[in-house]
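Next, two complexes with chain A in common: one pairs it with chain B, the other with chain C.
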Partner chain A sequence: MEALIKVKRYNPEESEDTYFQDYSVDVAEDSTILDSLIKIREEQDGTLSLRCSCRASICGSCSMRVNGSAKLVCKTRVKEISPDGEIITVEPMGNFKVIKDLVTEMDSFWSKMKSIDPYVKTSFEPEAEHIASNESMTHLLGVMNCIMCGACVSECTALEVDSTFTGPAALAKAYRFVADPRDEEANSRLGKLNENTGVWDCTRCLACVEVCPKDVAPMERIVKMRDLAIEEGYTNTSGYRHTESFNDSIKKHGRLDETRLALESTGLLNITGLIDLAKIGIKSLFRGKLPPILPHRPKDMKKVTSIAERLDNQGKEEE
Partner chain B sequence: MKFAFYPGCVARGAAPELYKSTMMVVDKLGIELEEIEKAACTGAGVLQEKNQKLGDVLNVRTLALAEQMDLPIMTICSTCQGVISQANHRVVNDQEYLDEINEELAKEDLHYSGKTEVKHLLWILLEDIGVEPLQKMFNIDLSGFNFAPFYGCYLIRPSDALGMTKNPKRKHSLDIVIESTGAQSTDYAGKTRCCGFPILLINQKNSLKMVAKHTGDAKDSGADAMVTPCPLCHLNLDGYQAKARKQNKRGKADLPILHLPQLIGMAMGLDPKELGINKHLVSTANFIKSLKSKVA
Partner chain C sequence: MSKHDLLIIGAGLAGLRAAVEGVRQGLNVAVITKVHPVRSHSNAAQGGINAALTDRGDDWRDHAFSTIKGSDYLADQDAVEVMCREAGDAIIELENMGVIFSRDDEGKLGTRAFGGQKKARTYFVGAITGSALLHVLYEQSVKYNLHIYEEWFVTKLIKEDGRIAGAIGFDIKTGQMEMISAKAVVLATGGAGRVFEPSTNALICTGDGLSLAMQAGVPLMDTEMIQYHPTTLAGNGILLSEAARGDGAYLINSEGERFMEKYAPEYMELASRDVVSRAEQTEIDEGRGVDGCVFLDLRHLGKKFIEDRLGYLQEVALEFRGIDLSEKPIPIKPGMHYIMGGIKTDLNGATNVPGLYAAGECANVSVHGANRLGANSLLDTIVFGRRSAIESVEYIKSVKDVEIDPKELSKEKSRIQSILDRPKGMRSAELRDKMGSTMTKGIGVWRDTDSINFAIEGMKNVRGQLSNVYVENKGKVFNTDLTSYLELEFMVDVAESICQGANARFESRGAHFRTDVTTRNDKDWLKHTIVEYNGEELNTTSEKVTITDWEPTERVY
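For the complex of A and B:
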């Protein structure tokens, strides 16, 4: 079977410019993209650089962008991406500095991992093995599957505009310790994560969930930590006000009260923020498209609001 | 062809021109709509952060209301589509959870068996109407125009809940619909990225960087306008474009942001003003002028 692969090339020792190079390689029907790249390197072009090790989706070394989205190339078959012999585009991961061709520098990844203190913190020094019960750890199985390949970081839409954001991989790792029954520092961890560059900067775009080859679902862990931070009393954030206002709106009206959400999230004491909102409001008014003072309500609204009331109380009781 | 209609809060609130243009277009498309008047907000993923079950109950309630009407649901918002699809995906793959939610719904004499199909208008155009029949309803050839697609995260991810394996064309649906009008679909990196709206009120600086990047990149790639099936994306990309482009030194706000039904309406030859294209905050005057010169 012929695989047509277009590779993004870069060699700073020769030029700062990147370019695409087309390769055609004969591979077996069940070959992976990594098999194809290795064959190209061995038989056609020894200058092609890539990083790989286990070839069995355990080591996390070979994450690259395939047709615009990060994948472990050892886990991705040619046939799956190109069922009818379509050209496959392979590029280095996004949101990373490229060293050469498909090899990225992982320094920022590791420094963010370190920044969340990735170890269990206790007030005492365990004398023997510090064991947790099976039941208390099962909810962490998913997040412990992380092989630190960087695929989620590559596609993170928040990191794309702000490299200081802690990012999905490190935040998922932070959750692994926040929710570990043996860890005694959950409160201070959440306090730190509640600040700028932490949990509230996630856009909830789901890109990390979509590309993770191990179903770690980083975004879901981030969202969970927002809730945990609120429970721990960290409420002085726009993120908290936004969530609260949204919930209140549904409880009261069954629908979203856009005007109130904007005002309350901004903060009623944030004068510059409010002036800014007013500017957009006035512009919208001139175009005849300001949201109504009260939201458009569902028929039988009481039924919706009573469900919200009931389940809200249920949630509180469970806590 | 009849659907239970779920317009969503924004079409009923800050973007009334979306509601109106949808109504004008479905009429021509031969789609009959019956609005699910009792439906609540989907929670947009925000409510779910705090109380997943409440979000699921409200969305499964909407699915049950449609089941009672014996109709599939039509949405016109990527976020609504995504959040309802996610809830549907969770309950149809977990009978025990569905039973638990049905217990809540029973208090209102409602029950969901898991049969309701939920489709964005964008998918209906491709899957229920089809490109060729759609093109027969177009009266104006939009060739020469270049439109940048902007999908909205929840219409692209997560792919399993959105039925992308069964319907792989959904991944490119907006490109296909844009090209069906004769126009060119802009090739740029931002089309499946985040518009920044979810963090507009939380981290405005980052949110506006996203607006500036995507609108600026689309413009640099030759776009005359951007088209989106998501009114939340529209609010950010249109409403905050001027501030975002200025703050991030990406020039002036010069990229009109159109709602999907406005594009379809234009191709059908409907009046741009009636479609509300002049309602946007980024000026559409030059765009409307070039559109009119096309007709004349």
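For the complex of A and C:
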């Protein structure tokens, strides 16, 4: 079977410009994209650089963009991407600097991982093992499955606009400690994660959940940590106020009161924040983007109220 | 030039465990590794880690006996005693570091059964035990703020006045070559699976440490002992863990028979790996396989059980073969998996070169002898990684700084440059494939004089062609074309030593099964084979096996 692969090339020793190079390679029917890239490197072009090791989706080396979205190429079959021999485009991950060709600079990834204090903190030293329920340990397996490949970071839309965001991989790792019954620092961890660049900076776009090759579902862990932080009483954040204001607005008006949402999220006592907001308000006014002062009311307010009530009750039942 | 007390080469479980210990002991420690620590191949160990925990009625001596019987009496029994005695503490320490081991109903560590042992004493994290351990040790390396030369490739060990003085390596990201001085060095570079094709091993398992040690004058021991794992996928050789059989999976042939009944009526699918692999190969050779494979059957275990305890296996089966293990048996065959042999060390990881230690798969202490039990490899890395660092402490205190001749670096730089300057020739992958197929054919599940000679001759040919290989990429930045070639040089050294070991051992023991001498010969061969490079050629000698309490008897499963 012939695989047609278009690879984004970059060699800083030659030029600052990137370019695409087309390869055609003969591979077996069930070959993966990694098999094809290795074959290209070994038989056609020794200058092509990529990271790879285990070939079995456990080492996390070979995350790359395939047709625009991050994938672990060792577990992505050529057939699945290109059933009829279509050209496959392979690029390095997004949100990372590129070292050469498909190899990205992972320093920012590891330093963010380190920033969440990624180790169990406990002062208790049992004579034998800690006693913990199997359920609590099995629950952590979901996050422990993370192989730190960076696919989620590559596609994170929040990171795309704000490189200081801790990001989905490090936050998923943080959840592994927050939810570990042996860790004694869950509360202070949540406090730190609640600050700027932490859990509230996620835009909940779901990209990380979609691309994760190990079903770690980083966004779900982030949302869970928001809930846990609120439960622990960390409510002095724009994120928490945003959530509350959103909820109130729907219940009261049946739709979003954007002006109030902006004011309440910022915090009515947050003077510098309000001044910044006012600047944005004035700009919006001149561009005709200012939301209405009072929101419009939907025709059938009762329906909205009953949905809101039902959701509230459901939430209580789940707790 | 950077200076450290202790330089550890490799950042898998053995390397990281040694490093953590070194830091705890107050040493200036650095780790140098060609991949980021969490990319190391310790990741791939799936099933678990063995230990006899005495507080639940287990006895380390039972574990030791199973290990020794599994080794076909080639393991040094004093080394096995050390490993099995320290296993309990090692597991508890790992748990305390944060490993999320599966639990029993009381919330204590839970076990699963594994091959070659009557008692279930394998502690595990789903089917990702190695990965879970590796990530926790990486967490510890962050906690201890460990100095790591990440993505650095070591090309040579440096000796001065007969003792170790450091290593030379280059930063793969920039090509910058440097000398790193160290009073002591631990080799923890893992296995050499890529010498064979196919292999379950990652592409990074190229025997770097074995070759580095050999070139530094350290003998390798029992290199002929190559483990063929009974359950690997045909084609790419990816591993399906023994945990499947530990948790109750069957092996069946094309007629649907559980054929292990004929070969190991008592242990069935959980006989030692060499025994199961030979049984499978016999079934295949006698025409009861399909396309060179027999089958691993998990259907009776049920979907939920499979997904809860063997999730990674299900993932591999689905992704790579499109098979749901709860619905269909999956075709498997014996595949090259592990090298029991390696750098000869004492019980504390020390080699014959002062200041040079080795731990993990690259080392041979020897605890695995002629056949390693499943779930003993992780234990080996943790126990002997720690011991080698502890052993280095006194040595480091006792020696002065070493002055390294700066010419060493310029010599190594020009050696690498001369490789880059070679005229257009053969690509390294072509020669590597030749080596892989030669070794698989010659040093397989079955061997005999002819096949071993075939491998020896084949490797002579490969060695001869090595200087015809050229590196197309002349750049400095992330030149994997160059590292692949250097890895091939390492592998050729290892392959030759494997051939020498196999040639020397004229008996069948454990994984070394010769069809021309099918029995074990304790009278002449209760011995380790030793292969040593004297600067010109390989010399083969032998050394007695240490027996303590367990006299060799017939090995029946």
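Following the convention adopted for this analysis, the second predicted complex is superposed on the first by the 243 of 319 C-alpha atoms of A that agree within 3 Å, B and C clash if a C-alpha of one lies under 4 Å from a C-alpha of the other, contacts with A are read in each partner's own complex, and residues count from 1 in each chain.
Just so it is clear, contacts are C-beta pairs under 8 Å (C-beta built on N, C-alpha and C of every residue); 3 or more make two chains touch, one makes a residue touch a chain.
Small disclaimer: the values here were computed from a predicted structure and weren't measured.
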* Using the superposition on chain A described above, determine whether A:I280 touches chain B (first), chain C (second), both, or neither. => first
* Kindly classify A:A158 by the partners it touches after superposition: chain B alone (first), chain C alone (second), both, or neither? => first
* Asked: In the superposed arrangement, does A:E42 touch chain B (first), chain C (second), both or neither?
  -> second
* **chain A-facing residues of chain C, complex** => 35-36, 38-41, 43-44, 53, 55, 91-92, 95-98, 100-110, 125-126, 128, 131-132, 135, 139-140, 142-143, 173, 202-204, 235-236, 238-239, 308, 311-312, 315-316, 319-320, 427-430, 471-473, 475-481, 484
* Which part of chain A faces chain C closely enough to touch in the complex? -> 11-13, 28, 30, 35, 41-43, 45-47, 49-61, 75, 99-101, 103, 106, 110, 113-114, 118-120, 122, 125-126, 128-134, 137-138, 140-141, 144-145, 147-148, 180, 182
* Asked: Can you name the residues of chain B that touch chain A in the complex?
  -> 9-10, 12-17, 37-41, 43-51, 53-54, 57-58, 61, 104, 107-108, 153-154, 157-159, 189, 193-194, 196, 198-199, 201-203, 205-206, 209-210, 213, 239-240, 278-281
* For the complex, which residues does chain A have touching chain B? -> 68, 157-158, 160-162, 165, 196, 200-207, 209-210, 223, 226-227, 230, 237-239, 242-243, 246-247, 249-250, 254-256, 258, 261-262, 265-266, 280, 283-284, 287-292, 295-296, 298-300, 303-304, 307-308, 310-312, 314-315
